[in-house]
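Below are two complexes that have chain A in common, paired first with chain B and then with chain C.
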Partner chain A sequence: MKRKKPLIIILLVILTIAFLALLQALLMPKFQTQLLEGGLIADYYQEQNKDHDVIFIGDCEVYEDFSPITLWEQYGITSYIRGSAQQLIWHSYYILEDTLRYETPDVVVFNILSMKYDEPQNEAYNRMALDAMPLSGTKLRAIKASMTEGEEWLSYIFPLLRYHSRWHELSAEDFEFLFRRNPVSHNGYLMRVDVKPVTSIPTPRPLPDYQFSDICYEYLDKITDLCRTNDVRLILIKAPSIYPYWYDQWDQQMVDYAARNDLLYINTLQHLEEIGIDYDTDTYDAGLHMNLSGAEKMSVYFGRILAEEYGLADRRGDDLLAARWNEKAAAYYRQQADQYLELETYGYLRAFRYQSD
Partner chain B sequence: MLFTSYSFILFLAVLFVLYYLVPRKIQWLLLLAANFVFYAFSGWDNLAFMLITILSIWLIGRHIGRLHQARDQYLAEHKADLNREQRKAYREAVKSRQLRWLLLALFINLGILAVLKYTNFVIANINTIRGWFAAGELSFVSLALPMGISFYIFQSVGYMIDVYRGKYPPEDNILRLALFVSFFPQLVQGPISRFDDLSQTLFQEHSFDGRTVTYGLQRILWGFFKKLVIADRILVGVNTIIRDPEHYTGIYVLVGMLFYAIQLYADFTGGIDITIGIAQTLGIKVKENFDRPYFSKSIAEFWRRWHITMGTWFRDYVFYPLSISRPMLKLAKKSRTRFGDAVGKRVTVYLSTLIVWFTTGLWHGASWNFIVWGLLNGVVIILSQELNPFYNWFHNRFSVRSSFFFRFFQITRTLLLMSSLRILDCYRDVGISFRQFFSIFTTWNIRELVGGQLLNIGLSVADYLVLAFGVALMILVSLRQRRGSLRDALQERPAPLRYALTIAAVIVVLVVGAYGIGYDSTQFIYNQF
Partner chain C sequence: MKSPVRQKKIPRRITRAAMALLLAFLVTLAFVACDKPPVTEPPDPGNSTGQTTTAGIEPSSGYSFVYRGIEIFINTPVAPILAELGDPIHFFEAPSCAFQGLDKIYTYAGLEIQTYTEGDTDYVYILNIMDDTVSTPEGISLGASPEEVKAAYGNHAAESPNQLLYMSDGCQLKFVFADDELVSIEYALPVI
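Up next is the complex of A and B:
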């Protein structure tokens, strides 16, 4: 009996840990049928073949404004969007650092809207950016940089401490996706086919100070250095969103920064005609984000730059790769058809109902 | 560092491991270092006040002790030379010198407490008076009250008075005395320990004892359950009601009173459970501070079972000395002559009672609501004393004393009475408190409760279910404790069952506890005193 005692103790401890892990998995939000953007970061770690020519990093201005499927179909460029809702610049930096642990792309595209935020904004967005990231030094540093007041770093390591209060909100989704999850995106692209045209152009409010803060420049420098160190070419972009307003003074700072660091900076707001953006048909929320039509136009435009100016090869001749991407494209078109059907049936997209109300 | 914070749990885990790893001889020194680390988290300047207390009671305590020794030695050496009167006179002379030193220690320590805690209260009252004469207002001073100062100063004052009384010799080792004053689990909200009690185990060497540590951990877990699952959950409802007194009147005040009774009990006893549990894991025995107080059948009994160490502190260091002080004895004599024995002997007792309750109220907070609360407690106790003949008549006439329903009535009455007095603690304003209390009888809005309005005070159906479960569990545990220790009973069960129950309790606290983002997990209520 005495010999068995340590074994029993070990067994009990293992059982306890397993039960706590199960409980944690149950209580964590699944982002499978609602708030899909919460599942974007997790999608990447589920991706089997992490070998992309291009990695996009940034907020909704990347994960809703570019379609990797279009880039593949039009140019044979493989890409992944590592975007998340209101991804701040330090999130972007650490997400890029983490991505480089898995792969080294030729080009990284960073959307610079987050230069306007110089402090953590909202715990929910921190969670969407960081919860799914596997534990590593990068993740720990990312947590430290991102926490808003009142947050505890330990709850990022053991999310049970954060999501415990969901015990009385558990739904069928939590049980259904306890041991599995479906990707919510197409290589990081969150599809929306609905249309809400722009009806008014906002008048910009003058700001007391247009200078981006030091902390944002610090992280932008880090992104630039990280790309250089890893021999990755960095492109800065500004998506064609009407809101939030992109001031000329901000734009000039980015132009200067790009010039100083020998980077390409594209403000797509200045190339609307060339891209073919039509704000009557290409946005689902009156100018904040592109819908499928807008994202595909953006991808066609940007793919040409990547192919012609950056010399990214057309890899459609690689049969194995083509087979994989054809599968992805099939899923992409299936969802497209499903969404059109939903629009016809309900008049809105069910997964985004909370945003349409 | 909050007891319920991750940093505190980490601090505790590191201390616990080190405590049983270091040589046993230096365990108490490690504990002393831990105390200062813990206290430094509340601010380095707070440490300065604590060091003044430690230094002053060490120096003065030793001096008083030396006077005791010198007196005893002198009396022993001159036993044959001195007659009884001379010995008495000598003792009186020494005592008078000791008293001066004691007063100095009290002046320093109670002075620190008074200045830090009551300066702005005094200024506010002066401003009120100046306002009557249209004089200008004095500015308030910015003084932060160091954490636990009321507790460690009361502990230190108790130590000084005991040394003065010769109850035990002063502690020569300043580090040991520092450990007694600064013992970190007690700094948050007591209990107010006595040196002769705590020192029995505080300075001892402790080997790891599985059962003691398990008992300690179980007690901590129970404390966390009460604090996180019950107190911090019901807090939302209490705050909603008391922060909007214009809207929440009538039946809501009654609900708020009862909810606050639950919150305060779960919060305070939960905190003390954690304190005693921490001490127990380190092999140290801290006095119990509660004895199932909500089963009390009178206010006087309630105060013997609630915050016991504070009650006995006031009894031993304020009530008794005051009752036998020269002015009180004079007053007793005069009262007897004037009103007769029956009334006369009660005058000084009641006056002392009121003074004790005035100071108890003042100790709880520097504001009139606490003073009125304290005095009302005193008044209720005096009234129940005065009603004793009626109670005796009643019980002689009707033999209901042992009936379940009568005991239940007494317990309910005491709970309602105590909760009514605590309204002053809730609203923190004497006028609003009385207005709200009377609204229970003047605003008839009981129907609103039936209409589901209780779901609009920040508590959901799930919260009410958890609270009902939690309160039922607290009552069951209290009832079970009458038959002896629950942990002893648990210890007799098979180990896997014990383990499963403990893990289940951990999971309940982890999952159902009201902590983290979305909850306003707060410091313990008694921490502010």
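Up next is the complex of A and C:
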């Protein structure tokens, strides 16, 4: 009996750890039926074939404004959007660093709106960017760079420390997706087909200082260097969102930065006609984000640049790859049809209706 | 029958250490982050940046702005104010990424009122004076010089290039200058 005691203790420890792991899996938000943006980062790690020509990094202005399916169907370019809600520039840098552990794309596209934020903003967005990232040195550095005041570093390593108080808000979703999850995006693109036209634009407020902060430039330099070291071409882009306002002074700084570093910078706000953006039909929230129609137009425009100016090859002739992407496209069109049906039935998309009714 | 392999006895101190470690983890679990809001709830109101403000604390009793005879304080429910002002010229709703309804902007002649939502109520978050047809109760309007602002509000401002910032009981009053000419007046919830 005495001899069995150590075994019992080891078994007890293993059972306790397993129980805590199960508890953590149960209590962590699933982002499967609501707040889908929270599931974007996890989607990438579920992707079987991590071999993309183009990787997008940035905030909602990438995951809402570009469609990888359109890039594939129109140009045979494979791409993935590693976006997350309010992804700040240090998030983007570490997400890129992490992505390069899995694959080396030909081109990285970075949306530069986050240059305006010079300090960590909010835990909710940190969680959406970092929780799903597998544990690595990159993740540890990302946590350190991102934490807001009062956050616990350890709670990113053991999320149970943060989420244990969710027990009273557990829903059917938490049990249904305890051991599995469905992708919420199409290679990082979060689809929305609804339309809310632009009717007015708030007056831009004069700022006391338009200079982007040193910390943002530091991370932009790091992104540029990381791409250079890995022989990846970097493109800077400003998506066609009309709010938050993109000041001319900010734009000039990006023009200058791109010139100094021999990068392509495209402010799509200056190419609206060429892209064909119609703010009556191509946005779902009055000009902040593109809807499906806007994202597809953006992708047709941007794909031409990738194909013609960056020489990215048309890979539609690769049968194996084509089969994979046809499958992805089928899921894309299924969701498109489902969303139109939902709009007809309810007048809105249920997954994006956050307010309590 | 004796086992052919003699099991090594785990020293008691290791057993105790393992138990203590587990206990410490469970205690940490019980106490860490208990008072924090769930991260699946909208972030605290901010100027569409998610910056943390003093929202939800209490109405400001500091600087106020008077528009069409109505005195408006920051962090007070906006509904009665809108009811008195009537329909705005423009209304703009700006959801932030992932969450909705954070910024609602009501535009009246010379004034923008931006709100945030807490529960079912919208509160005044920012008052932005847009042109020189309106002035502050202290008599300052767009076009004023830094000296005129200091003369009206005092010399206790936090001063930075092109900006004078006054704080008073839950209200941050920001004056922005370009070439020494006042180009923006903003009453807002203080950013923590």
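By definition in this document, the second predicted complex is superposed on the first by the 353 of 357 C-alpha atoms of A that agree within 3 Å, B and C clash if a C-alpha of one lies under 4 Å from a C-alpha of the other, contacts with A are read in each partner's own complex, and residues count from 1 in each chain.
Going forward, a residue touches a chain if its C-beta (ideal position, glycine included) is under 8 Å from a C-beta of that chain, and two chains touch if they have at least 3 such contacts.
Since the model is a prediction, treat every value here as computed from it, not as a measurement.
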Partner chain in contact with A:C60 - chain B first, chain C second, else both or neither: second
Contacts of A:T203 with chain B and chain C, given as first, second, both or neither: second
Partner chain(s) touched by A:L27 [first = chain B, second = chain C, both, neither]: first
Touched partner set for A:E123, first chain B, second chain C, both or neither: both
First, second, both or neither for A:R180, with chain B first and chain C second: neither
Comparing the two partners chain B and chain C, which touches a greater set of residues in chain A: C
Touching partner for A:L161 - first (chain B), second (chain C), both, neither: both
Chain B versus chain C as contact partner of A:E152, first or second or both or neither: both
Touching partner for A:R260 - first (chain B), second (chain C), both, neither: neither
Common interface residues of chain A - those touching chain B in one complex and chain C in the other: 16, 20, 123, 150, 152, 154-155, 160-162, 164-165
Residues of chain B touching chain A in the complex: 6, 460, 462, 496, 499, 503, 507, 510-519
Residue ranges of chain C touching chain A (in the complex, touch as defined): 3, 7, 9-10, 15, 18-19, 22, 25, 28-30, 32-34, 36, 38-44, 46, 48-52, 90-101, 105, 107, 112, 128, 130, 160-163, 176-178, 183-184, 186
Chain B partner contacts - residues on chain A that touch it in the complex: 8, 12, 16, 19-20, 23, 27, 123, 150-152, 154-155, 160-162, 164-165, 167-168
Touch list for chain A against partner chain C, complex: 3, 5-7, 9, 13, 16, 20, 29, 35, 37-38, 59-60, 85-86, 116-117, 121-125, 127-128, 148, 150, 152, 154-155, 160-166, 169, 199-203, 205-209, 243-244, 285-286, 288, 352, 354-355
